[in-house]
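In the two assemblies presented below, subunit A is common to both, partnered first by subunit B and then by subunit C.
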Partner chain A sequence: MDTKTEVLVIGGGSTGCGIARDLAMRGVAVTLVERGTLTDGTTGRMHGLLHSGGRYAVSDQESAAECITENRILREIAHHCVEPTGGLFVSKPGDSEEYFERKLSGCAACDIPTERLSGEQARAVEPYLAHDVERAIRVPDAAIDPFRLCVANAAAAREHGARIETHAEVTDLLLDGDRVVGVELAHENDTGQSVPTERIEAEHVVNATGAWAGQIGAMAGVDIAVRPSKGAMTVMNCRQVDTVINRCRPKGDADIIVPHETACILGTTDVEVDDPDDVPESQWEVESMIETLSELVPILDGARTLRSFWGVRPLYEPPETKTSDPTDITRQFFLLDHADRDGLAGLTSIVGGKLTTYRLMAERISDHICERLGVDAVCRTADVALPGSDNPMRLEDAMASFDLRSPIARRSIQRLGSRSSSVLSIDEPNPVICSCEAVTRAEVEDALSEVGTDLNAVRIRTRASMGNCQGCFCAHRMAALLHPDHTVETVRSSLDALYEERWRGQRHALWGEQLSQAMLTRFLHATTMNRAHSQTASSESIAFERFDGGDDRGD
Partner chain B sequence: MGAMTVAIDADVCVIGGGLAGMTSAIAAAEAGASVRLLSHKKSTLRQASGLIDLLGYTPAGEIVADPFDAMATLPDHHLYQRIGEQAVHDGFDLFDAVVGESYSGDHTAANALVPTYGGRIKPTARYPTMTAAGLASDRSPVLFVGFERLTAFDAPYVSASLSSDGMPAPTRGVTISAPGSHRPDTRLHRLVHALDVNESVSTSTGSQPIRDALARRIEPHLESAQRVGLPALLGLENAPDVRRDLERLLGVDVFELPMGPPSIPGQRLEHQYLDALDDAGVFRTTGNPVVAFDADAGRIQRVYIDRNGSRVPYTASQFVLATGGLVGKGLASDRTALSEPVFGCHVPHPADRAEWYGDDPHTDQPFARFGVAVDRSLKPCDDSETPEYDNLRAAGGVLGGTDVTMELSASGRSLASGVRAGRLAGERSN
Partner chain C sequence: MSDTDDTSSFDPVTVFEPTEQDLRSGSDDCYKCSTCDSVCPVAAVDSSFPGPKFQGPEQWRLTRKEDTEIDDSIMGCSNCMRCDGACPSSVPLSQMHNTARGAYVEQQRFASDAVAALRSGAFRRAASIVRDGVADFRERIRNRLLANYYTAGRFASKLPRVANAATNFGPTRWLLERVLGITSERSFPSFATQTFREWWADRGGSHVENPDKRVAYFHGCYANYNTPAVGKAMVRVFESFEYEVLVPQQRCSGTPMFANGRLDDAKRHAETNVESLAEAIADGAAVIASCTSCSMALREEYPELFDIDDIDAVSEHTYESLEYLRHNEDLDAVLSESSGDAEEYVYHAPCHARNQGLERQAVELFSSVDGVTIEDVGDSCSGISGTYGWKTEKYDNSMAIGDPMFTEMEAAAGEQGMTECPTCAMQMSHGTGYSITHPLELLADILTDDPSASSDR
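Up next, the complex of A and B:
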């Protein structure tokens, strides 16, 4: 099968989806391909911080200024993805006072509003802060849902005519002399099998695969020296803080706590890795984060954690820089025009950067591509709201019209924003599927209508199975909704894929209450449902006549 | 209270009110001892399905038709091998006496095959009579009925899944709305209660008893079905009446499929056990944790419960630890280690937490085998295999060594070790 497009974007993370939206809004025909589900790479594996820029206000003021500008834009165009928590940079005894002052003046230089707080004032904001926190700087950090943001960008791109293909892996770049003219794809069907390949011809190919950019570059013989760096994050089962808490010191592992929906996320570490698909998940990283962040918020020590996960930063620096410590590598983004750089036309890569500036990155690369294609259209992504944020939805209206009790309605409306009416206006009852996160059947079915049978894609769109029980009580309910549109085998394989994904992160939280939860999950799924023994699936394997044929006594 | 002498409270003190603890207490009482049962929280029977598994799969993963045959092939370190087949028989005999007519399965040594609410077929040794008409080996046609708001039980999917697993009976599944204004997603216990008391509900044809209203909603879907399977919520106290009424109204057999927490069959079973404890003369103290103990010369002297901040001692000559496993909080853990929190018994486990788990959630997991190690008389042992205390035995989920979730033997472990520990404690105390 061969198809054509003007621009083909590789990578369904925030950058790729942002580029697809930007170009589509400028009237360019775009196809985006992603090998897994949207956000599968770095976007879905970060701490969900919308930077104020305060973090870079001393070390990298150019990044800091970009952050605060984009922070303001995203609060407008993506307000259903943003929780305006605010943030604090806190100092403990021994933390440099001079650095604290430089942080304040740096923020001022970058137009980041700040407020200086005493230790007592800081504890009045966040009562669980350690008693010896001496001073703090309040900044406009926020929490952002990277899943919701990325999916909203993809949805907007689609509304403007873009084609979005997930579970479609680029197997090769098509070359015509010294020009990239398209890609070859392998699609994956519902049961995970590869189906015949597709060739897509494109006038320009954008490599927005972040930490994986080197692998795509290698297909065309160009060297892109990404330096992937892993970071661990640990999810707590509740919000010990309602404000983003940063340690006010030059750099270091384990210095941030981000409140996020029902949880807090602890971050992070910074260790260079060779292969972004093979990230060692080391227990010391989890221990070190809990121990170090307990210095700021002591109740974290001994608190219940739900899971830990690792993300890979797409760090990049020009080859001649040779920085040895990954924490020193710039967080700036780089646009690599392979025509200029490598004599290979038709391909542009974007590497480095961070979620907060995804829109700006998309704007820059879209400007560049439009110039190459001779398209004369301006970027409108900063002025037009994303789907879900296009007009306000009143909570009271939603509760009344959708027959939902208040806590559930509140959570649903927060997630869906202005899409609430179209998703929740159904004639049937709308029971809760995921009790931990208050996700209703209508939301799960809405997500299923977009993603087919991929329950992990449903999870990132709805938060179903992301709460305390990690899918124990809801994974099978989600899966059963695939029936009768899909076969029993598909229901089972989709359920197993979700269950396995939930297990991956939980392994790093197996002590205390979460170990009890894991055992309860095991009892429910393996013993009560008897889901662990798949060999019973082959019909001939059970000799029914050898078992209890019933007791006539009861009749 | 150091110098104060405390009179013996009971010959045997059992700590833990789950299946193993209650079984121990009854066995000790039957051996002639006076027994005190201390339980802290609601029994984990509320989380169990109410099916009583003995051995459903071999360690190699093969389904077991005759559990006593298969028991002989278990490895030497398996609990059943260590305490002997007779203990398993004794445990099930005690169980059968407690539950009487309300359970089936004791007429044969073979396992029964029952459908689960996850749509799979499961081997089990004893099943509630409420579930008896649902056997997967029966060939008569089944209609599974689910409720609109009870999303954990998707009847059409359960039907399709069971067929796909080779259940020989023709099956269909249908979803109906529950009669009355009860929303089973949030008010499960209210629907159970309404069925229990046959509450009057208003319907389009006027008000009528809820059992009639339910039968009326099921009837149009019956077609050729000879059995109707419903999620296990058909009443608590009067479940047999609910089933009989529905069977009379529908003219077919009715059965329940055990569900996850809160488990109604588990609660019914708990009630029966509580009655049996009373009949056996066991003293029960509920709602307070054991927080300390005195030991002397290798023997537990007494335990203390915390009651509103004050310590109340319970002195006995024999003790049984039946506090459950990781779910029942009989095992505690933090980031570095596992422990048994009441007596501090040794719990073997890898020092490195990365070895507590494996990568595949469906296969054998080391943490599922965590628990205290015991000798053949069920005394918890230290790391040199010496009993920790001469008068302390352990039973049920607190025992380690076997992943009962995979081989489907959790209830059998509780019954066999419960009866053995209780009986030994009762005999030694005399």
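Up next, the complex of A and C:
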């Protein structure tokens, strides 16, 4: 099967989706391909911090200034993805006072508003902060949901005519002499099998695969020396803090706590890896992170951990720089025009950067591509709200209108934003499917209508199965909604994929409460539902009708 | 200029103020297993009630610091606290419910919100706050009245005969139902012509002096205003074991206030109670309650909800009356040699007794008494839960919850009810017409056949 497009974007992360939206809004025909679900790479594996720029205010003021500008833009265009938590840089005894002052003046230089707080004032903001926190700087950090943000960008791109293909892996770049002219794709079907390939011809291909950019480059024989660096993050069951807490010191692992939806995410570490698909996950990283961050918020020690995950930063630096410590590699992004760089036309790569500046990155690369294509159109992504944020409304007014218990109404509306009415106003009962995260059937069905049978894609859109039971009480309810539109095999394979993903993160939290939770999950799913496919189970189908009227051979 | 003259740099020493810490971390222990929901008597009869798991760990975990609204279904919880006992993972369910209910009632105070909305120019918002607030007004007044039974009892006891006539007078009840939503299906308990405390004063206080065996009696409101016979029985029983009984100054234990989200009222009363009970404890006394909800409040709810000096000491030194005797005296030996009037009792264990692990004590105790038979009706909840069953909109639920208990009571041989809880007793009597005895009354009859004691009855 052959198709054509003007620009083909590889990578369904924030950058790729941002580029797809930007180009589509400029009237360019775009196709975006992603090998897994949107956000499967680095975007879905970050701590959810919308930087104020405070973090880079001493070391990298250019990044800091970009962050605060983009921070302000995203609060406007993506307010349903942003929780304006605010952030604190806190100092403990022994943390450099001089650095604290440099942080303050650095923020001032970058137009980042700050407020200096005493230890007491900081504890008035966050009661669980350690008693020996001496001083703090308040900055406009925020929490952002990378899943929702990415999905909203993809949805906007689609509204402007883009084609978004997930579960479509690029198997090769098509070359015509020294020019990239398209890609070869392998699609995956509902039950996870690869189906025949598709060739998509494109005038320009954008490699927005981040940490995987080198692999795509290699398909066309160009060398992109991405230096993937892994970072561990740990999800706590509930919010110990409602403000982003940063340790105010030059650099170090385990120095940030981000309140994210119902949870807190602890981050992070910075260790270079060879292969972004083979990231060693070690328990000690989790333990040391909890221990170090407990110095800031002591109740983290012993609090319930839901799971841990490892993300891979797409760090890049020009090959001649040769920085040894990945912490020192710049967080700036780089646009690699392979025509200029390698004499290979039709391909541009974007590497480095961070989620907070995804829109700016998309703007720059879209400008570049439009120039290459001779398209004369300006970027409008900073001025037009994303779907879900396009129609401001009063939360309290909306909450009364869906006949839901108040925390469920509040959470649903916060997730759905201006889409709330169209999703939640239904004429039938709307039970809660995921009670940990307050997700109703209407919201799950809305997500299913967009993604087909991929329950992980439902998860990132709704948060269903992301709460403290990690799918124990909702994974099967989600899967049940696929019936009767899909075959038993499809439903089972979707459910298995969700189980597998939920288990992957929980493996690193198997102590205390989450171990008990995992045991309960195992009893319910593996045993009661026989999802472990016990060998004692017959391969014959179960005679359900025997249960209806009872066994007539019985006494 | 010296430092002391420079007032502009004067910085008062701020002692670290305890900020309100929240209960979100209580949700860490919940595995969502729903055992709590399966034992909730309200959820069993009312499918619109989302159950204790939602009210507790789910709602807390879903709440961010700035989220103020608590779902109104919290007022459907009767505070029976059975969920606490059912949870396999020690989630502080009732503490979460009590705290949420307190926050809900706080948010019903609409005046300041309305003024704030007006000031910010949000006129429609202010109007809707006032509209909702007025709609809740009747419920708030009614709940406040019910929660403060202590105050009502105090006034009624000034003129008990008038109060008894007035409170059960048809037109009064019609008005109470129409205006306040207090059901007219139930008869108000009658007020004693002499309160327990009046009797105690007339009697000249304790007849025993014993610095080694001292108990401070927390009689609560009901034994004081309505059933002083229970209080008198307590005194007779404890004096028969040579205890010196103290009757310290006290106010309401707070149980009806917790159940109606009036934590500020409860705290005021708790401060008096803790102060005077702590004094008695310092004098070597243990605190004894004859009402299982009172002992529950002092033991569990106080330290969970309030931070008052000595509150932990009060919690640790409080016992239910029979429990204390069973710990400290060889009651079984005494009772196995006693005989009572031949009587068949049908016993219901109050939920709050169950929560303290006391649900079998009356049955175990009295089965050994010659002539007395006692039959347990099982683990049903009576359904009245203090003030809950008095609310017009809750009456049907209350009776539906109580139905299994009524059925069991009628199926049992005895026609004399027994329970430790005064409102369970109301419900037992309301549903079956049986008269209800407190275990202390039977114990007093068995232990003390001294005729001189009859003046105490």
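Keep in mind that, in the parts below, the second predicted complex is superposed on the first by the 524 of 555 C-alpha atoms of A that agree within 3 Å, B and C clash if a C-alpha of one lies under 4 Å from a C-alpha of the other, contacts with A are read in each partner's own complex, and residues count from 1 in each chain.
Rule of thumb we're sticking to: a residue touches a chain if its C-beta (ideal position, glycine included) is under 8 Å from a C-beta of that chain, and two chains touch if they have at least 3 such contacts.
Everything numeric here is computed off the predicted structure, so don't read it as measured data.
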Query raised in the report: Which partner does A:520 reach: the first (subunit B), the second (subunit C), both, or neither?
Result: both
Query raised in the report: Given the touch rule stated above, what does A:239 touch, subunit B (first), subunit C (second), both, or neither?
Result: second
Report summary line: Comparing subunit B and subunit C in the superposed model, the one touching more of subunit A is B
Report task. Would you check which partner chain A:211 touches, where first means subunit B only, second means subunit C only, and both and neither mean what they say? Result -> neither
Query - Which superposed partner A:532 touches (first subunit B, second subunit C, both, neither) - result: first
Report task. Applying the touch criterion given at the start, work out whether A:473 contacts subunit B, subunit C, both or neither, answering first, second, both or neither. Result -> both
Requested in this report: Could you look at A:436 and tell me whether it touches subunit B, subunit C, both or neither (first, second, both, neither)?
Outcome: second
Query raised in the report: Which of the two partners, first being subunit B and second being subunit C, lies in contact with A:503: first, second, both, or neither?
Result: first
Report summary line: subunit A residues contacting subunit B in one complex and subunit C in the other 405, 473, 516, 520
Query raised in the report: Which positions of subunit A touch subunit C when the two form their complex?
Result: 83, 120, 123-124, 127-128, 131, 237-240, 242, 259, 262, 299, 303-304, 394, 396, 399, 405-408, 410-411, 435-438, 467-469, 472-473, 513, 516-517, 520
Report task. Would you tell me which residues of subunit A are touching subunit B in their complex? Result -> 283, 287, 290, 302, 405, 428-429, 431-433, 441, 473, 476-477, 480-481, 483-484, 488-489, 491-492, 496, 499-500, 503, 507, 510-512, 515-516, 518-520, 522-551, 553-554
**Report entry** Residues on subunit C engaged by subunit A in the complex (per definition of touch)
**Finding:** 14, 16-17, 19-21, 24-25, 27-33, 50, 53-54, 58-67, 69-73, 89, 125
Query raised in the report: For subunit B, which residues are in contact with subunit A within the complex?
Result: 47-49, 53, 56-57, 61-63, 65-66, 101, 104-105, 107-108, 110-113, 116-123, 129, 132-133, 135-138, 148-152, 154, 156-157, 160-161, 164-166, 168, 177, 183, 185-186, 258-261, 325-327, 329, 332-335, 352-354, 356-357, 359-363, 365, 367-368, 404-406, 408, 410
